[in-house]
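Sharing a structure here in structure tokens format.
As written, the chain order gives the labels A, B, C and D, with residue 1 at the start of each chain.
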Amino acid sequence: MTITPREFDFRAARARLAAKPKSAGEKLTTLEAALGRVADGDHVALGGCLYSRTPLALMWALLRRRPRGLALSRNLMCYEGEWGMVAGAVHKVVTSWMGIGLPWGLSKVMREYVEKGRVAVEEWSHLGLGLRYRAAAMGVPFLPSLTMLGSDLMDVGGSTTLTCPYTGALLHAVPALFPDVALIHVHRADRFGNAQIDGYPHMDADIARAAATVLMSAEEIVEDDAIRRHPDRTVIPGFAVDALVHVPHGSYPHECYGLYDAEAPHFTEYVAGIQQSGADSVARYLDRYVYGPTTHAEYLALFGDRALADARRRAHEILA
Amino acid sequence: MTITPREFDFRAARARLAAKPKSAGEKLTTLEAALGRVADGDHVALGGCLYSRTPLALMWALLRRRPRGLALSRNLMCYEGEWGMVAGAVHKVVTSWMGIGLPWGLSKVMREYVEKGRVAVEEWSHLGLGLRYRAAAMGVPFLPSLTMLGSDLMDVGGSTTLTCPYTGALLHAVPALFPDVALIHVHRADRFGNAQIDGYPHMDADIARAAATVLMSAEEIVEDDAIRRHPDRTVIPGFAVDALVHVPHGSYPHECYGLYDAEAPHFTEYVAGIQQSGADSVARYLDRYVYGPTTHAEYLALFGDRALADARRRAHEILA
Amino acid sequence: MTAAPVTATELLAVMGARALRDNQTVFTGVGAPMLATALAQRLHAPGLTMVVEGGVVGPAWKPGWLPISTNEMRAAYGARMLPGITDLFLMAQRGFLDVGFIGGAQIDQHGNLNTTAIGSYERPAVRLPGSGGANDIISLCGEVIVLTAHEPRRFVPRVDFVTSPGYLSGGDERRRRGLIFGGVARVVTTLGLFGFDPETRRMRLEAVHPGITVAEVRASTPFDLLVADGVGTTDAPTERELAVLRALDPARQFLG
Amino acid sequence: MTAAPVTATELLAVMGARALRDNQTVFTGVGAPMLATALAQRLHAPGLTMVVEGGVVGPAWKPGWLPISTNEMRAAYGARMLPGITDLFLMAQRGFLDVGFIGGAQIDQHGNLNTTAIGSYERPAVRLPGSGGANDIISLCGEVIVLTAHEPRRFVPRVDFVTSPGYLSGGDERRRRGLIFGGVARVVTTLGLFGFDPETRRMRLEAVHPGITVAEVRASTPFDLLVADGVGTTDAPTERELAVLRALDPARQFLG
């Protein structure tokens, strides 16, 4: 059993929320100040999915702080999970799948770290992990489901079953996952943290409710009235947000729905390096892209304005 | 215990869904044909909330069929519940609250029917009923919650508690409610039933997933592309919808967010009649407004175009 | 003091507003609670977030356009988010709501409220409208403040039906029955302010409003009311409080 | 017959498409499943609804712009709804999804699939990417169709790790373990079509593709394969099927 009481104890999680002020006020700050709220040993949940709306700017700023002993969870983990492993920041990854996508094959870095027992990967089904976040978002210690029943995944995290008190049916009691910190990237927010997402909602709204601390980056900080004009588009309330940072292209080179496309050739280059020299290649990548640039703008400059402009053009073309 | 296995048996409810075709095709029909799918004895769940986005046109067409033995559920039940009682169509009302609003006082009709034992009102807390629909929408027989614990409401429907297998906490196992039929009014849908709602979502999306049969009315039937341009606004998928009817002002004289305001003076007149002659006044109201007009347009004509135009004007003024 | 006399609703709204702190999230309702919350926000709690039952977060109601129900367009005016009713209550269950306001037809000495039925549930003498969200608010918010006119018929030793559990039979029963958080922190009436004895969880008078005596409160409270040592007197509503409050409801739709 | 030879992916896509009926809701994935579903929709199932794991309902993919992952913008093109991942899978749990497609690194004689680990879970010889939604699809959809290249290494008596439960050890174990619906209805490989014996739930060859013999299938299947009485032969992909299919992927990104 690898799930911990800290992950599913809804009473303790609620007490943490109750103890903190839930201000309707200003949340804007810097990446450095925002990520200063992450402590070694924290469980950090990432929003988005695979290479869609990944909170890469927040992850970038987190790794620059050289954290240790983190648990990192995400429904489909892309290469940011490899970064965490090679950076020595992560001891446990919680996910349903890890890689980049079919054309890029298996994650050689995950294989190396798991097969050598250096990092534990706790696997859940995609819905299983989604329900862990949702249970926490709802403030309950578990949610009943049929998923994962009968599979060997039940033993990985240490799931238990229960009998329905009304129907007698056997059900999977999917344990809640209350992360210490959620990293979320959104399309727009007002300066108070009221946030709106376009296109794929992924699991961000649940993760933001589940976590004790919510750190958010936004492509755009909009006027108060822009949010108030469409309150039915708001998915995360400001009182749930602890820190907000304005970061255009905050998911780049991953995609942000409607704004910019992902950079498949960059993924191919990244994977080619790993095919050649394994984790060492990721270490060099981190030096160049994460530890090297001192600001996120410098990080983006490594890709260049023309690449950013082309990614924006492609996004419009794809949805046109 | 008044909850029935038909309400919470997720296996039977799933089998009913599995057995029916879930077409992506045309759903447009008439009010008469749509409501022909309701059988005596069915549990009918109503969308909207109180006097907001009430599926009044669908309720109007349902009562004109003189149904019998219905169970009627809604989170906050407005006067459509009184209609069902006085029409002799309803034997059980499932709700968290019944009335119109503070200025209109207690529902004299509910008092008469309940105090004389002619109709059972099964009361849940607002969230309790919301979780009953949500459990069904999720395809599970119950959801755990803290709400209603310790109150006398636990005994009304026959709720049971359970002990959390992870934390040992005592939890309310809120039983699922799978209605036979859902009546839903939306702002817009394409002819396949893919539906979008503006403003308050209320509980409609859950009810539409929970029910075996979904009957929908829409203020506007839009082109295919209008839905495809904003897929992140769609809350009910076409494959879940059995019948769709184009009914402008389908909630009138209740409000429809952003389109038209509710008619408080009409409510006052309706209640004044009840103050004078009780249920008989509602019977006369039904003759005039429900059984009298042969089309919904005739029903609206009883209010008049100027009233409709003024309600639209007020809606814009309220949100301006 | 201002010229116009202070109405019951004005008194409840002002005393309710004073009980709120900055940066709190407050589950409020139509009438006095809404006025109390909006007043606090305008006076000493600019960082306060109002939420209402219809599924509204952070509304900015237009003075003169206060909603009659918590789920109509007027209640959503200026809102920052409309999460839906179930999801809003689930935020309360998660622990996002610090304070909730409720009222009730009956309240007893342990802070239990009844809005369901006078007499038996199946065949009541009076069928009341029901819980609505009251049970959820008192079960799930960090703490609850009850605002009510102090009419003797409302104050009973034990409610006929526990719609909204306060401390049940007192002591730690609320916790034993599974409500591991919250409870009734304060009862604000037209006569004074009340709390609950930390041991027995019986209602205790803590302050009377100006011009009200403890004897009058006892006479209007048909159960054995505890009285705090050195029971205080509340400060009368100030001109500023009343001016801001009255500006919210110029037509006196709710202020009376 | 068409000039160009039929690729493995084309064969799987055509045979997969034929297994779908009109007005079904189909949980599909990138590659062959996506091509099979889109093909069926264009040929005999216009009332079919495609859904994909990223949280997409009713997409209308642009030929030549097929998605690489199920949660990128290309996968959402023309969608009628983007309900989110958790809520999409919950629709499957509710019973809204008739058919699901999955594949796997390993499949065994009872239709169990492994995409987690070769060897032990804690210290595997090969750590595979994981379940993703495969476990959910096979647990929650009305029935599942497995599309896979018929490579001997993929077909094992018992998978090392049951990521996605077919019939487990066979018989009624799937149901006894709580999976009261669904199961693997059909396995479509590059050699033929397979079902499962209704009693033992062991894999059974039901038809071979043109030019393939039962002996060849047996030789490529390292477990004791059942063979249906009067095993049939599938009809070769028609010109029309191939023409429509190839128009979906002109760059042959997935068709090979």
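By definition in this document, contacts are C-beta pairs under 8 Å (C-beta built on N, C-alpha and C of every residue); 3 or more make two chains touch, one makes a residue touch a chain.
In this text the structure is predicted, and so the values were computed from the model without any measurement.
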Joint neighbours (subunit B and subunit D) are A
Between A-D and A-C, more C-beta pairs in contact link A-D
What's the distance between the Cα centroids of subunit A and subunit D, rounded to whole Å?
29
Which whole number of Å gives the spacing of the CA centres of subunit A and subunit B?
37
Counting only Cα atoms for the centres, state how far subunit C is from subunit D in Å.
57
CA centroids of subunit A and subunit C: separation to the nearest Å works out as 39
Listing for subunit C: what residues touch at least two other chains?
76, 82-83, 90, 93, 140, 180-181
Using the touch rule from the top of the page, what residues of subunit B touch 2 or more other chains?
11, 138-140, 145-146, 169, 171, 199-201, 231-232
Provide the full list of chain pairs in touch.
A-B, A-C, A-D, B-C, B-D
List the residues on subunit A that touch subunit C in their complex, please.
11, 13-15, 17-18, 21-25, 136-140, 190, 192, 194, 209, 227-228, 231-232, 234-235, 237-240
Spell out the part of subunit D that touches subunit B in their complex, as residue ranges.
23-25, 46-49, 56-58, 60, 76, 78-83, 90-91, 93-96, 98, 140, 142, 180-181
Per the touch rule above, subunit B residues touching subunit C in the complex are 49-52, 75-76, 95-99, 101-103, 106-107, 110-111, 114-115, 117, 121, 123-128, 130-131, 133-134, 145-153, 156, 161, 169-172, 199-203, 206, 255, 257-258, 261-262, 264, 315, 318-319
Which of the residues in subunit B end up touching subunit A in this complex?
5, 8-11, 138-146, 160, 162, 164-167, 169, 171, 173, 175-176, 198-201, 231-232
Subunit D - residues contacting subunit A, complex
30-31, 53-55, 65, 68-69, 71-74, 76-77, 82-86, 89-90, 93, 116, 121-136, 139-140, 161-165, 168, 173-174, 177-181
